Each structure stands twice: as C-alpha cells, then as structure tokens.
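See below for the structure under consideration.
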Amino acid sequence: MFSFLLILIPILSGLLLFFIKNEKSAKSLSLLASVLTLAISIISLSSKTNLNFSAEWIPSLGAKFSLSLDGLSKMLCLLNSISLPIIFLSIFKNDNKYSPNFFGLMLLMQAGIMGVFLASDALLFYFFWELALIPAYFLCSIWGGEKRIQVTFKFFIYTFVGSLLMLLGIIYLYLQTKGSHSFSIQDFYSLQLSSNKQNTIFCLMFFAFAIKMPIFPFHSWQPDTYEQAPTPVTMILSGVMVKMGVFAVIKWLIPVLPDATNHFSNIVILLSVIGMLYASLIAIKQDDVKRMIAYSSIAHIGLICAAIFSNTINGLQGALIQMFNHGIIVIGLWIVADVIEKQIGTRKFSELGGLAQKAPTLAILLVVLSFANIALPLTSAFVGEFLMFSGLFKYNIWFAAIAAISIILGAVYTLNMVQKIFYGNTVSATENAIDISWNIKLALIFLVIIVLVFGVYPMPLINLINS
Amino acid sequence: MKIILAFIVLFPLAGFLVNGLFRNTRSKKSIAYYACSQIFSSFFLSCIAFYLVKNGGSEVVTYFDFIKISNLNISFSFQIDQLSALFLLIITGVGFLIHVYSAAYMHEEEPKHFARYFAYLNLFVFSMLILVLGANYVIMFMGWEGVGLCSYLLVGYWFKNNNYNYAAKKAFIMNRIGDLGFLLAVFWIINKLGTVGYTEVFAKAATLSTFDVTAITMLLFVGAMGKSAQIPLYTWLPDAMAGPTPVSALIHAATMVTAGIYMIARSNVLFSMSAITMNLITIIGLATALLSATIAIKQNDIKKVLAYSTVSQLGYMFLGLGVGAYTGAVFHVMTHAFFKALLFLGAGSVIHAMHHEQDIRNMGGLKKKLPITHLTFLLGCFAISGIPPFSGFFSKDEILAAAFASNPIYWVLGVVGAAMTAFYMFRLYATTFLGNFRGTKVQELHLHESPKAMTYPLIILAILSVVGGLIGIPEILGGNHQLHHFLSSVLTSEKPIHINHNTEFLLMATSVVIAVIAILFAVNKFSKKPELSEAKGLGKIFANKWYVDELYEKIIVIPLLAIATFLKNIVEKSGIDGIVNGVGKYIQYSARQIRLVQNGQVGSYVLFMVLAFIIMILIWVNDGHIYKFLTQLF
Amino acid sequence: MSLTEIIFWLLSGFAIVSAIMVLVSKSPIHSILWLILVFFAISGHYILLNAQFLAIVNLIVYAGAIMVLFLFVVMLINLDKESDPQKNIWIKLAGVISGGSLLIVLVSLVKQATEINAKEVLLSKGNIGLIETLGKVLFTDFIVPFEISSVLFLSAMVGAVVIGKK
Amino acid sequence: MPIQNYIIVALTLFTIGIVGVLVRRNALIVFMSIELMLNAVNLLLVAFSKVHHGAALAHNNATTVGAEAQIFVFFIMVVAAAEVSIGLAIIVMLYRNTRSIDINFLNRLKN
Amino acid sequence: MNSIIVSALLGVVMMFSGIFTTNKTIIKNIALIGMLILLVSNIANTYGWCTVDVDVKGMLVFSKFGYLFNSIIFFTSLIYIFLSGNDFADVGNNVAEYFALIFFVLCGVAILSSYNTLLMLFLGVEIMTIPLYILAGTDKKNLKSNEAALKYFLMGAFSTGIMLMGIALIYGINGNFKIEFETTSTIQNFGILLPLGLLFIFVSMCFKVSAAPFHFWTPDVYDGSPSVFTSFMSTIVKAAGFIAFIKLFETHSIQLQTSWKLILPIIIIATLLVGNITAVFQQSVKRMLAYSSIAQAGFMLFALYSSNTLSREGILLYSAAYSFATIGIFAVLIKMKDYSFDGFNGLSKTQPVLAATATIFLFSLAGIPLTGGFFAKYFMLASALQEHKAFLMVIIAVLFAAISVYYYFRVIQAMYFKQGDAETTEITSGFKLGLIVLAALIILLGVMPSILLQWLYF
C-alpha cells in the first residue's frame, strides 16, 4: 500500500496542479504533496508490512500492476522523495518563473521515477521509465535555457532509442518465460537462458541503461541537457533520474542475465573507467558551472557502474550507497549553481570570483558539498566511493588504480570551481551579490546535514539497503 | 579511556562548530579564548591519556560500526598506545601554543574571519587527532584527508589572493596523489586480509606474500610522500607557506607533515617485511633531505627557507624510517615539532613586526628590536643544526647513527645535509637578525617586539627545543633513551643499532664539528653583507628550486591540460557528440535525398513499381540462393 | 497447324500489333481506334473460346460504350496531335526496357511452369460461355456480388455527379 | 490449344499496357493502357475457364465449372465501366482547370 | 452482413438527403445518426441479435475478428464525422454526396473484412477505392486536389489491373476463386504460376496499404486531397487494406515459401525507411502525416509478417490506436489556418485544449507509453519477436520508431516551445469535447488494451 501511495500522491497532485491557476497555492500544494510523499516514504522505511501492491492489469499479456518496496527501492524512493521538497524549497521564492504546470510536471516526473523504482513487472517498469521521461522533456523544453529545444530533443530521442531497445529486450525475455508468458520479475529471475541469448538481450538492455546513466560514450546528451534544463529539473535529472539507469542495471539486468553480465563486465568496466577519466579531464577544462557538474556527474556514475559490474559485495554495496549520496550531493551542487546563475546572471567561471566575501554562507555550504563531491572522508560520498573502489580493486587492480586517478582529477576540477567562484577578489558581476535567502539556506543545510550524518555514521543506510 | 579519547577529539570539534557556526556574532576575544580553551582541554586530557598509557593503559576502543557489510567490518574505533599518546601530546601541546600565538598574530582580521581561522585550526587539530587515534587505516585515512582539507582551507585562508588559492589547491591535489597511494594500499590490505584494523592486520601480516607486502608498503609510502612532502611530491609544501605563519608552524612543520612518518612508524611491522620499500624510503628520504637543503640555501623568503628546511628534516625522518630507526624518526618528529614550530613562530613574529614583509634581504639587525624573538630563534637554529645539547642533536644523531649502521654512505650524505642545514639556518639567522636593517623607514619605525601571547609560546617552545632531546639521550651519552623504551612495545620492528661506542662517538663528534664549521661560516659570511645579488651557476639552480616546479608544469600539467582540451574540443565535440549529431544530420541529409525520388510524376512512380516487381520476382525465383547467402552472412 | 491455331495466332498477332499501335500513335483518336481493334481481336478470341456472351458484351461495353466515351472526351477537349505531350526519350526507353524485361521474366517463368504443361484449352466445345449458363450461375451463386456491384455503380454515379457538377 | 499460348498472349498484352502507362503522358492514353491490361486479364480468365471446364467436362457433362471465371470477367467489365465514368470525369475536370491532360503537367505534389 | 447492407442503404439515404435539405448541419446529423445505426447494427450482428441472413454462397465469411474490426472502423468513422463532419462543407457544396461516398467506402470496408473469395476481394477493393478517387478530387478548384485525384485514379486503376492478373493466374491453377486453396494443400511444390499470381496480388495490396516501393501515390494523394478526406483515407481505408491483406496472406504466405521471408522484411524495412526518413524533412504537417502513415504501415506489415495470435490482436489494436490518433490530429490540423510546422507555433497558448489533445495524438502515433500507440507497436514487435528470425528487422524497426519521434515531436515543439500565435478557424466546444473524449480513449487503450481485445474472445 505504501508503494502505491508513493506513486499515487504525486500523480494526483501533479494532475491537480494543471487545473490550478494561482501560483502561490500551486507552490504550496506542490510542496505539501512532496512533503507528504516524503513522510510516507519515511514511514515506509521502518515498516515491514504493507510494502507490496499488486493488481490485475492486462491479464491477456500476463502483465500485472505490481509494486514492491525492498531495501534498495526504499532508499531510492527516499532519495526521490527527499529531492522534491528540497527543490521546491529552493525555488520557493522564485517569483513568476515557474507556473503551476511546472510543479505539476515535476510531480508527475517524480511519480514516474518512483514507479521505476517500485515496479516489479517489466512492462510496468517500462511504462514508468517513459512516464518519467516525458515530463522531463516538457520541463526542459519549456523552461530551459537558450538552446533548450534542440538539446532536450536530442536528449529525448537519445534516451528514447535506448528505451525502445530495452523494450525489445523485455519483450524477448517475456517471450522466453514459461507457460503463459509473464512480465513478473520473479519469472524473469527464474529464466535459464543460453549465454548467446543473454548476450543479445544484455546488449539491448544495457544500451538503454548506459544512455540513462550515462556511460561513456553514450553521455553526450547529458552535459548539454543539464546545462540547458531549468536547474530544478536538472537536479531531478542528475540527482534521481540517472539512478534509474543504475537501479535498472542492479534490479533488471544483472540478476536476469548473470552469464552475460560476466561476459561483458570487462567491457563495461573498461568503458566506465575510460568515462571516468575522460569526463574528469573534460570537467577540468569547463568554464561553465553546470557543465562542469554535469561532467563530474558522468565521472561519478562511471564509478558506480564499474563498481556494480565488479561483481563484488563491496562494490555493489558501495554503489548502492553512492546512488543515494551522489543524488543528495549533486542536488546540492545544482542548487548552488542555480543560485549563482540567478543572482549573478552568469555561470561562467571566468566571469565569477570573490563570491565568498559576499555570500559566505553559500560559500561554506558549497565547500562542504564540493568536498563531498570529491569524496572526502566524513562526508557520505567517502563511504560509497571507498567501498566501490575496494570492490573494483578486488575485481582488477589496474582498473581500480586507473579509475582512482579520477580522484585526483576530481579534486582538481572541484577545487577549481570553488576557487574561481568564491575566492579571489570580487569582479564586476559579483560586486552586488548578496547571500542566499532563507529557503535556499534551509534546503542546502538539510542536504549538508544528510551528507555529514551519513558520512560519519553510514550504517543506517547500509542496513536499509540490506533489509 | 573511551570517554577520555572521545573528548580529546570532541573538544576541538566543538571549537570548530561553535566558532564556525556563530562566527558572525561573537567577539574576537571570546573566539580566541574558546578555541584555545578547547585545545587546552584536549591537551589536558591527552596528558591524562598519556599518563594512563605510560602505566600500561594501551587499548583499542570501539565507538560504533562505521562500515559493516557481510565481508568487511570497519569500526569507528580509536587506538591509544605509546605512539599515539606521544603524538597526542605533540599535537595538542604544540597546537595549543600555536593557538595562543595565533590569537595575537591574527588580531588584525575581522571577527568573522578570525572566527573562521580558529574554526579551521580547531578542525585541523580534530582531524589530526583522528589521524593518530584511529585504530584502523580507514579512520586514519579520514584524519589523513581531513588534515589535507584543513591545510587547504588554511593555506587559502586569505582567499582574496588567488596566488594563495593556487598554493592551497596545489597542496591539496598533491596530497591527493599521495592519498591515492594510501587508498590503494588500504584496498590491497582489505583484499588480502579482509580487515583494516591495525592489530588484525599486523597479526596477519605474516601471511602476506613478499610481493603483496612490497606493494602495500610502497603504496603506503606514496601516501606518506604526499603528506610528508617527499620527492617527488614535495613541491606543495614551500608553496603552502602562503598560509598564515602559525598555520605553517602547526601544519606544515609540527604536525601534519609528520603524519607520513607516523603512518610508517605505525605500520612498522609491515614495512620491516619489505626490504625493497625500506631501501626506497631511505633513498627518497636522503635525496629529499639533500635536495631541499640545497634549495634552502638560496631562498630569500624567510618562510620558504623554513619550508625547505622542513622538507629536508622530513627527509631525515624518512631516512631514519628507511634504516629501521623508527624510534629515531619519531623522536625527530617530536624535536622537530618543537624547534620547527619555534622557528616558524619566530619567523611569524618577525613577519608580524615587519608588517608582512617576508624577504630576508629587506631585514637585518632585528636582534635589538626583537630580543625575545631573536633569542628563541637562535635557540631554534641551534636545535635544528644539531648542536648538543639541543634537542635536534639527539634525534638527528640517532638517525645518523642508524644510517651509518645501515650503510656508511648514508651517513656521509646525511652529515653533508646536516652541514647544509646548519649553514642555511644560520644564513637565515644572520641575514635576519644580524647586520643592519635594510627595510624601509616605515617598517623600521614600526618594528616592535610581539605581544606576550606570541612571545610566551616562543619561550615555551624554545625551552622544549632545548630540553626536548633529553628524553632520548642515547646510552653512549649516559642516558637510557626513555623514548626508546617507551615506544618499544609499538615499534616492534625497530632495528637495533650495532655499532661500537667509539665509532658512534666519533660519528657524533664529526657531525657536530661539521655543523659548527658550517654555522661559523654562515654567520661570518652573512652577518655583515648579506647576499643580495642574483645567484649564478649552481646557485641559480638552487634558487630556482632545481626547476622542479617548471618541470612538473611541463611534463604533467601542460600535457594534461592539453589532453583535456583535446578531449573537450575535439573528441567530445567532433567525436562522440559529433557522431550522435552526425547520425541526426545524416538522417536529415538522406531525407533530403530520398524525397527527391518522390518527383511527382506518375510515370516514374509506376516505373519504380515495375522495377520493384521485377526484382521481387527475381528474388522469388532465386530465393534459395539468397537465403543461403544471407544465413551465411549473419 | 489447324485452322483454330491459325486463327488463334492471327487474332493474337492482330491484338498485339494493335495494342502496340495504341501506344505509338501520336493522335489520341488513332489510339482509340487501335484500341477498339484490340477489343475486336479479343472478342474474336472469345468467340474462338466459345464465350459468346462475353464476346458480345466486350464489343458492346468496351468497344461500343467505353471507347465511345473516350472518343467523346477527346472531341470534347479537342485534342490534336501537337497537344500530345512528348516524354523524354530516355524515360520512354526506360519504360520500354523495364516493360520488356518484365515480359521476358514472366514469359520465361510461364515456359518453365510444368504444372500447366498438360492443360489444354477447350476450344469451341463446352457451353458455359452461353448466356443461359452464365445467367443461371450469375443469379444463383453470384447473386451477392452482383447485388453488391450495384453499390459500385451508385458510387460511380454519385462520383460523376460530384465531379461533373460545376 | 495449350494454355501457355494464351498466357503468353495475355501477358504480352498486359505488359504492353504497363509500358503504355510508363511511356505515355497523355492521361487518356494512360487510361486506355490500363483498359488494355484489364482486357488481357479478361482473355486469360476466359482461357483458364475453358481449361477447367474441359477438365471438369470429362467427369460431368452438365458441369458449370469455369463459368465463374466468365462471370468474373463480367464483373471486371462492370468495374471497368464504373472506373471509366469516374476516370473520364476526373480527366475532364482536370482539363477544365488546366487546359491540359498531361499527367505531368500538374506537378505541385512532390518531394 | 448487416454492416454491408446497412452501409449501402445509408449511402443511398445520404444521397437522397441532399435533395430534401441543403442544411449542412442536418445532413451531418443524419450521417451521424446513420453511422450510429451502422455501428449498432454491426454490434447486434456480432452478438446475433438482429441479423439479416443472406445466403452468401461462401462468398463472405463472418468472424468475430471481422465484426470487431468493423466495429472499430465504424466507431472511428463516427468520431471522424463528429469531429470533422462540419468541415465537409468547406470542401464543396455536395455535402450529402460526400457522406454517401463515405458510407459506400464503409460498405467496401465491410466486404473486405469478411471476403472469402478473390472476387469479393476485388469488388471490395473497388467499392472502397472508387469513392476515394472522387473524394480526393472534390476540391475541384484546387489544382492540388485535381492532381491528387488523377494520380490516385491512374495508379489505383493500374494496381487493380495487377491484382486482376494475379487473380487470373491463381484461378488458372486452382480453378476457383476461393481463398482457401484446396488443391495446393497437399502439394509441397506449389509450381510457378500460383506463387506468381500471389506475387501480383501482393504487389497490388502493397500498393493499397502504401508499402514501399509501391507507396509513391500516398504522399501526393494524401497531401493533395482535402484534409478531411485525407484523414479518412489514411486511417479507415488503410486499416481495411491491411485487414484484407492479412486475411489473404495469412494462409498463403506458405505458397511463397522462403521468398516470403525475404521479400516481406525487405518491404517492411524499405517502408519504414522511406516513411520515416522522408517525413523528417517535410515542412508541411499534412505531408509529414502522409509520410508518417507510410511509416505506420511499415509497422502494421509486421502483423503480416508474423501472422500469429499476437499479430491478429495487434493489428486490431493498431488499427484502432492509429485511426483514433490520426483522425484526432487531422481534426486539429483541419482547424489550422497554416498547415506548415510554423503554423502550429504557440498553439498551446491560443488553444490549450487543442494543443494538449494533439500532443496525446502525436504521442500515440510515436508509440509513447500510456497511449494506445504504444501497445499497438508493442504487439507488432512482440509478434515479430515470436518468430525467432526477425530480430534484426525488429531492431531496425525500433530505430526507425525513434526517428519517427523526431518529426512527430516537431509539432509538439511548435505548439509548446515556440513563440507564435497559431491561428485556427472557429472552434466549438463540442469539437473540443470530442477531442478530449478521443484523447481519453487513446489513453484508455494505452493503459488497458485488454478492454478492446477481450471482445475478440467473448
């Protein structure tokens, strides 16, 4: 029942918002709905019963509307439901920029993502997968930056190609299930496929997930999209939506196609590692806050992917934790980027500087988040990255060693960012900057607290995943 | 003990939080008092802990599970034993003095920045305590990175100056390179032993193959290189002098940079198992000691001289570690903490007096204006030069003796380094304090002795520098080397030094004599007419730090950035994104072409149909062949 | 070679030549006249096959009604030789070549078709082509299509009205 | 008479019709070529009807096998007549608007 | 049989209604009621309530499948008339006749869904297409319409000729026109003329459903015809063509043996290629939709290729989803003053309901989940995947489906993301309501496809 509510509330409130014209009430309603979702998701954390939901859907196809809430989905739903109130909070004082439709679409997107995390029926999974994408398309295209239309379109088509191929994979698996075919994940798990078939399906499905995550060299949609999308949407995209890909790999790919996973893990890890270095190097040369965070995100996701395919407990655990942590951290970074862009009117490092004098609170919070971004110990990211690297190390020393170079590169670009935005003397653009308003402060502090608490004491998170 | 240790760590943390969070509302005075009191409380508890340990209270206390998954259990636990207790004292003790000193030194800052400074400083102490207290490599790594962070924050404390920021960034990144090695070593340990706790690791160390041990220790040593500024990762330390001088004293002389030595000493069981690593450590240490000593000779920035001197001294410590004289190294860490902190603080006092003038060519004759500073600085110089009975003598001598036992050439080189140390220190001393004042009139007018908050720490440190060596008086000089005994239960792999007393005495005397000669030469040369002209020949190379920074810039930074630019502009734009966009463009292009077939003429439409029909018939007639061909194709 | 065969070949040759003349004639009037000759030849075939009803219908409907309609149209719109648009020679060539190759392919296939080797066309004998037989069949077995074809005419009628009305 | 002959004659006429569609631009002549194709089919159907009739006649004297093909031909003629009425109407309409019955004269719809 | 008779009669009724009244609304309402009657009579027939029994002598066979298809078609037509019926008046004055022709077409459709002999196939195709030749040319003053009618007519007649040759050849071997071939069922070697005849019919049917390379008429005709009739042609008529196509080749693909598995994939891929790629470059939404209908046909051909239960269900779903969506988008398009993509700029501001529903229609056409179009495509892909060798083809199809998103979404981009003031003709609230209902239906199909398909089994 919880799982159903987690989807239902955002959907209903999202649809309702399309009929609300008053902006103030729209904001309040959306905040309320997202907080309600968060509350349910928190309640569900400790709940042992009422987690699953199942109903007939398309009997002739053997598709069921079945949702299940296991440890991993709990965590990701939590991430999803945390992110939205934070985002709403951070844009609460933005007057006139976002209409009620914006909030409606955001909630619908949340519902879609939630569904992806919850679905235990492949067809339903696919549905939610797309449902999450479409609001994103509209959000980015309507409220995005200058080149929003083309960029979002590229993003949409790119991911759509992937998801169609995934659909083929799903159908193929479905046709392999015994008896009257079924989309149930349990039936998928119990499939015994020949390795040839597995490899084919793996290629199809992994393509979709690789695009979503994104893994080098399928990432080229991502920096543009993140740059052009309205920042609240970027937060969801990079904080939560990319986790869909990772999540899908963990839940829908590896257990279903174990042989193929073994067969391809080398290639996947190689790609991930290349991607990490590649993205890190490019991030160093970026002059745009958003693009830099985007590339940094590619690097981090690369590590998560590599860790998952390392086929070790450490790696997997680390990846799971890191999915959560990366989400939190990157949302924080985006909030900062958003604030900077809104206040100063530019995102270019070369036009920024000295902001720390004008906005010390922002500076401090960003510094914490930045160091979390490079996985400094005592921030939550450290735990995840530590475990992931250790898993990767177990898999192959050289991969781990090469991948670990990105730790250094990560420090380079993150510190570059901090330095160029906040340090030095003020420049003309930052002359009149002021510190952040209470709502953003609140949002960021909340994130920072999560980052630090889980950095010092990550066991609740680990236990949650393993429950 | 559990509570004591927790509070040792928590006091600085509380100081950080309170000063950090309420920095806008509090007065400078309360900030300073609060920060100092936290550290003092910590120091006080450390003393208790030390006392308890001295009476056999070594233990590992576990607070909670940090990471616990099926096959790996990393607990958040502290280990208090002789080694960590000693370091606790050094950190909190010297740290307290420097806090007090800072309160005066930084008085010009605005309250909120003042608070920020103390918050960082407290955070540093906190991290450093975590580093030394951690009962496993992961907790140590936490502190390890934490001190790196604080170093970054403090070096870049004056964030308006971008040069300082670059220095801070450089420090952090070079540290990260080292950290990478550390981290890989930890992974290796986890991979082979499944645990990271010191006790478990050392207990199981015997099961490791030689290769594994060598790899692990090498990687750990890489970590130490980064943190303790050894070749090739030492260049950040001189740059890190951009931070406030007390910071240099605390972080870049007394404590953080010695973390590498602490770590190796802590892992002495592992290191002793790998002769290759030990040799490498020796060589690197020695090379660093000599290289940085040569550079120090030609530096004109008071802090830079001290910085290179620190690098050089750290090299000595590594030499000691490399030859198995762990106690010697730790001993030198301690004495070095005293005298180098003293020297830095003294330098700070000078800089303070000179209104942030750091070039020694513009100083001179400060002896009279700054008597206390002068005196304490001189004592510090004696200590570092290894003049008996100052503390440096004992510790350095122990290392040199061990080096001699290992290989006499090491000793020779070590003594050469020591001579250079004596030389440049007294060059610094002479240029700064002796002779005539060479600064501007304004500076001269404002020259004044520092306030008590600054001089008292100097005095205390001077006393420690003088007497600090007494806890490690070797047997040959009639002592019984209390430190050695104290640490013996931790540093189990200590290599005993087997040289007869005569030789040892001779060596000692030789080194002292050489040092004295160097001192006399330096004082003689620089007290009257300091070297103001541009250096030439070898001196120029020294002055330009062997062009190592430039070399790094050329072979690492520039190619890396070039690659990054190439990736960004060529591979990403034209390559990967180009392919994706190319697909789109190609589709549009082909759309433009294919639509031309639709030429609007019925005749050609029908022609296409007829041709297609003919082809269909032909396919149908030859279907067998085509099918076979296709099946072979796919 | 029997008489029927001679007649068959004569009629066939005549039909084919006339058909080709339909295409090559410059004037539409000539084309129509040639086409009427083709219909006559085909009607001759029908008679040869003892399909008398169709032979007559063919003449009445095609040669009589349809072709006259064509003639009317030609006269109505007053086409003459010069107004007949000429196609590019290459397109013509392409048309002829592709048509010819289609014919070659088809004919060679028919030549290879062994399943019809033994099948003979029953000439002159058999009375299914008579009106009586056809009428019976048409109004018993084929009553449904017959009725339905009225819809076709209705729509054609409506269509002609819709199109033709000013 | 072997059926092949009829088939070949019919196919030849049919192909000539196709060629007519291909090479002529006059809408009327194109249309006539199509009629030619239909006639070729008619001829073939009648010939086949006699083949099957002949085969069935051997067993049953009163058989009407084969009649359906001739009925079919009848229907083809019906349809052809209907088509002609429409087709000519369209051609005339075209002529009224453009003063031409060249099928390529109007070429607004392309690409 | 009900549907054939009733639709023919209704055609006549409509013809005469034009005599008694010239009020277009009344005529439209009559047509609407007539369509409702037709739908009801067909449903009644499905469940055997009021059936007109005619001895069809095996010419026609009525099946649940056919009935359901008819119901879908009639229902679609009902919506079509409801949404676009008023726009008939803009084409010309003979509104009653247009409706009559529409009913005649539906008669042809009903025949095609139940034919059992090649004769009825031929007649059905002709009854269906001859009115369309006229409808294509109804906008008499418009040269494009003239051109469309002429091209459609000439090429349609040409393809009829080809079909007839095929029928003649098949008859030559079989000796009858039944679509179940008795003589060949035991023979392994099917000879030459029979497959050749099938190939002829195949080409002709490919032409009717506009499969490449026999599609050339489609863009020109759809583009040139008055939009109201394009909407009808590209949906109902095309779906009927597919039903006829599948009905014939479901049983006879075996006669073409291996070549069937060679030729059809080539045709499918060519169709998808031409349809999708060419649609990319179009500047007019109408012409884009014409090409996209080719692309959709490519997907529908999958049903022909796989010929299994899934594909039978799928083609019904596809017909419904595709027809709903296309009729909807055309209904919106007809209201636009400018048919180019730029003409849609900013529609979401000026007519939010139109824009929103149009978005759903386009989603359905693109096969986005939650719309009927998704399940339509899903069934096609699944049915093809069930035939194991079709993997490559399916992947190619999917890639083309992604390309289709490109041009469908261009309209959405124009409506939502671009600045402009899209001009429309007057829009009634009834029209909007109709659109909303249609959009809701599409979403219903996309969420619960089983509500349609379960009718097959009850």
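Just so it is clear, A, B, C, D and E label the chains in written order, and each chain counts residues from 1 on its own.
Simple rule for what comes next: contacts are C-beta pairs under 8 Å (C-beta built on N, C-alpha and C of every residue); 3 or more make two chains touch, one makes a residue touch a chain.
The structure displayed is predicted, hence computed values, not measured ones.
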item	value
Partner chains shared by chain C and chain D (touch criterion as defined above)	B, E
Mutual neighbours - chains that touch chain C and chain E alike	B, D
Interface ranked first by C-beta contact pairs	C-D
Label of the chain whose CA centroid is most distant from the centroid of chain E	B
Core chain by centroid distance, with centroids computed from Cα atoms only	A
Reference chain C; chain at largest CA-centroid distance	B
Distance from chain E to chain A - Cα centre to Cα centre, in angstrom	42
Separation of mean Cα positions, chain C and chain B [Å, integer]	101
Euclidean distance of C-alpha centroids - chain B vs chain E, Å	76
Chain A and chain C, separation of their C-alpha mean positions in angstrom	71
Residues of chain A whose C-beta touches two or more other chains	157
Multi-partner residues of chain E (each touching 2 or more other chains)	119, 123, 126, 130, 133-134, 137, 140, 149, 151, 154, 158, 162, 172, 193, 196, 219-220, 406
Sequence positions of chain D contacting 2 or more other chains	3, 7, 17-18, 21-23, 25, 30-31, 51, 55, 65-66, 68, 71, 75, 79, 82-83, 86, 90-91, 93, 103-104, 107-110
Chains touching one another, given as label pairs in label order	A-B, A-E, B-C, B-D, B-E, C-D, C-E, D-E
Interfacial residue positions of chain E with respect to chain A in the complex	313, 363, 368-370, 378, 381-382, 385-386, 391, 394-395, 398-399, 401-402, 405-406, 409, 413, 416-418, 448-450, 453-454
Touch list for chain E against partner chain C, complex	4, 8, 11-12, 15, 54, 56-57, 59-60, 92, 94, 97-98, 100-101, 104, 107-108, 111, 119-120, 123, 126-127, 130-131, 133-134, 137-138, 140, 149, 172-173, 191-194, 196
Of chain E, residues touching chain B in the complex	151, 154-155, 158, 162, 195-196, 199, 202-203, 207, 213-214, 216-217, 219-220, 256-259, 261-263, 266, 273-274, 277-282, 392, 403, 406
Complex contact set, residues of chain C against chain D	4-5, 8, 12, 15-16, 19-20, 22-23, 28, 31-32, 35, 38-39, 42, 45-46, 49-51, 53-54, 57-58, 61-62, 65-66, 69-70, 73-74, 76-77, 79, 83-87, 91-92, 94-96, 98-100, 102-103, 106-107, 110-111, 113, 116-117, 119-123, 125-126, 128-129, 133-134, 136-138, 141-142, 145, 149, 152-153, 155-157, 159-160, 163-164
Interface residues, chain B side, partner chain A - complex	20, 64-72, 76, 112, 138, 141-146, 149, 152-153, 156, 159-162, 165-166, 168-169, 172-173, 176-177, 179-180, 183-184, 186-188, 190-191, 560-561, 563-565, 567-568, 571-572, 576-577, 580-581, 584
